[in-house]
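Each structure below is given as structure tokens.
Shared between the two complexes below is subunit A, which pairs with subunit B and subunit C, respectively.
Here is the complex of A and B:
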């Protein structure tokens, strides 16, 4: 039953992908905003954690990439694994907000590291 | 929404406590004149717990995803007026173009 269900939704999404691309732009904007909020908040939190753990150099950036990968996974799970019914491409859910979050990450990483380990 | 926010605030408080514990640990190391090699175990556990709670909050608080397909169930006209029995279609108003546009949900 569950298998049938998923097959049906998959077929529907591929059909609509082949059709003329008409999207509800307002809802797409709202979804992008949700993703942006999630990523910014988690970039700040991961920056604080990296600072407390005392990461320096490349380790911190690897940590950031790891956290963002987990976030992407969580967002895909939040979209109930049918990305194309909420976004027009995979890049939206995987890459969007990555570099903006990196700036917040570095800021809070150095901030937490300074407070915990230097002062 | 409210629950997610409370969970996120709790996660941030746990992170703050972990930071405070690490500061104290470093003070202890300074007294014992040892080098800092890594945070103690309970700090790592606290950080993991805080990360999980904050991730929960980050995924639930900002709102739900809305479907972008114009013909999906969520974007349809959801409700007709309740008093259908009293609607009259064959009246003089049909001579005029109707400016009626049904509101879509959201």
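Here is the complex of A and C:
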């Protein structure tokens, strides 16, 4: 999940009263796509892990939230802790793709759990 | 949970795993079939031209504060001049374009093809699952649920005593249908996810009138409050440099 370096040159320069949009829309979209990919990937992987470890009930969901929090942390670290030079708001890093990944997580969790523990 | 059901391992080997594998493979197949069936139509030169004009006007609007006000005014007049500006649409032409859009049979055909490539595999898979795997308790979800979910998860088995977290094969099919979307976007690339949204856009944009967006863009350009941003940048640069030095 590499970030594009050209996106790094976007600067937030809206200190004047009217906020000037200085984002490159394409780069922003590409960054969001990277987030979506990494979230989906980690949702699937964490689902398999949770299933194999045999988490049930609330434990599994806590595990998912934990993994997503770690993902957010990783993304922030990847953005060199200056979120505003890559994204337009914090919500992008923290929330985007959270619920989309949940469905994949539940599916793979169930799948791995059934294969390992039920039969 | 009163007592745990013991599921035969044969159910795992012959129902659970095949069902999931088939769902994935059908998704991949659908992707390639729809890629083959996608017809490329030569875009109309006039529509492309109008689209490009809109893009240019939008660029001007978003970058308005980075050019001097004189330059901005000149460009605005170039776009929204009442006599021969690029965004100005004569009254008579508006109707014409829309009528042309509606009478284009290619568009409806294309839409139908896309819809069919979506519906046919789903119907076939559902019929197949119903025929082969009806009535199996195929899986157990690892978290408890309330009774309300029974009709959702135990579609196809009529036992009210079974714990709700057991999933019938038909419902496992639905779980797969929704949950595999993320996997598809990973293995097939962005295009697969894009396809759905594009289809939606095309549906809502059927009979969409390009001249309307031209005049909307013109209005948007007219109300832009121009304020040159660059004079402030000197102070900004000074502040940044001072921060660096100190």
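As a working rule, the second predicted complex is superposed on the first by the 100 of 119 C-alpha atoms of A that agree within 3 Å, B and C clash if a C-alpha of one lies under 4 Å from a C-alpha of the other, contacts with A are read in each partner's own complex, and residues count from 1 in each chain.
In this section, a residue touches a chain if its C-beta (ideal position, glycine included) is under 8 Å from a C-beta of that chain, and two chains touch if they have at least 3 such contacts.
What you see is a predicted model, and the numbers here were worked out from it, not measured in a lab.
Trainee: Give one word, clash or fit, describing how subunit B and subunit C relate on subunit A after superposing.
Mentor: In the superposition, subunit B and subunit C stay clear of each other.
Trainee: Based on the superposed arrangement, let me know which partner A:34 touches: subunit B (first), subunit C (second), both, or neither?
Mentor: In the superposition, A:34 contacts subunit B only.
Trainee: By the touch definition at the top of the document, which applies to A:87: first (subunit B), second (subunit C), both, or neither?
Mentor: After superposing on A, A:87 lies in contact with subunit B but is clear of subunit C.
Trainee: Considering only the touch criterion stated at the top, classify A:75 as touching first (subunit B), second (subunit C), both, or neither.
Mentor: first
Trainee: Tell me the contact category for A:115 with respect to subunit B and subunit C: first, second, both or neither.
Mentor: A:115 contacts both subunit B and subunit C.
Trainee: In the superposed arrangement, which partner chain does A:55 touch: subunit B (first), subunit C (second), both, or neither?
Mentor: In the superposition, A:55 touches subunit C alone.
Trainee: Superposed on chain A, how close does subunit B come to subunit C by Cα atoms? Whole Å, please.
Mentor: 10
Trainee: Jot down the residues of subunit A that show up as touching in both complexes, subunit B in one and subunit C in the other.
Mentor: 16, 33, 37, 41, 54, 115
Trainee: Name, in rising order, each residue of subunit A that touches subunit B in their complex.
Mentor: Residues of subunit A touching subunit B: 16, 22-28, 30-31, 33-34, 37-38, 41-42, 45-46, 48-49, 52-54, 67, 70-71, 74-75, 78-79, 85-88, 112, 115-117.
Trainee: Which subunit B residues qualify as touching subunit A in the complex?
Mentor: Touching subunit A from subunit B are residues 8, 11-12, 15, 18-19, 22-23, 26, 36, 38-39, 43-44, 47, 50-51, 54-55, 57-59, 61-70, 72, 75, 106.
Trainee: Please name which positions on subunit A make contact with subunit C in the complex.
Mentor: Going by the criterion above, the answer is residues 13, 15-16, 18, 20-21, 33, 36-37, 40-41, 43-44, 51, 54-58, 60-61, 100-101, 103-104, 106-111, 113-115, 118-119.
Trainee: List the residues on subunit C that touch subunit A in their complex, please.
Mentor: Result: residues 7-9, 11-12, 16-17, 20, 62, 65, 139-144, 167, 175-176, 178-183, 185-186, 190, 225, 227, 229, 232-233, 236 of subunit C touch subunit A.
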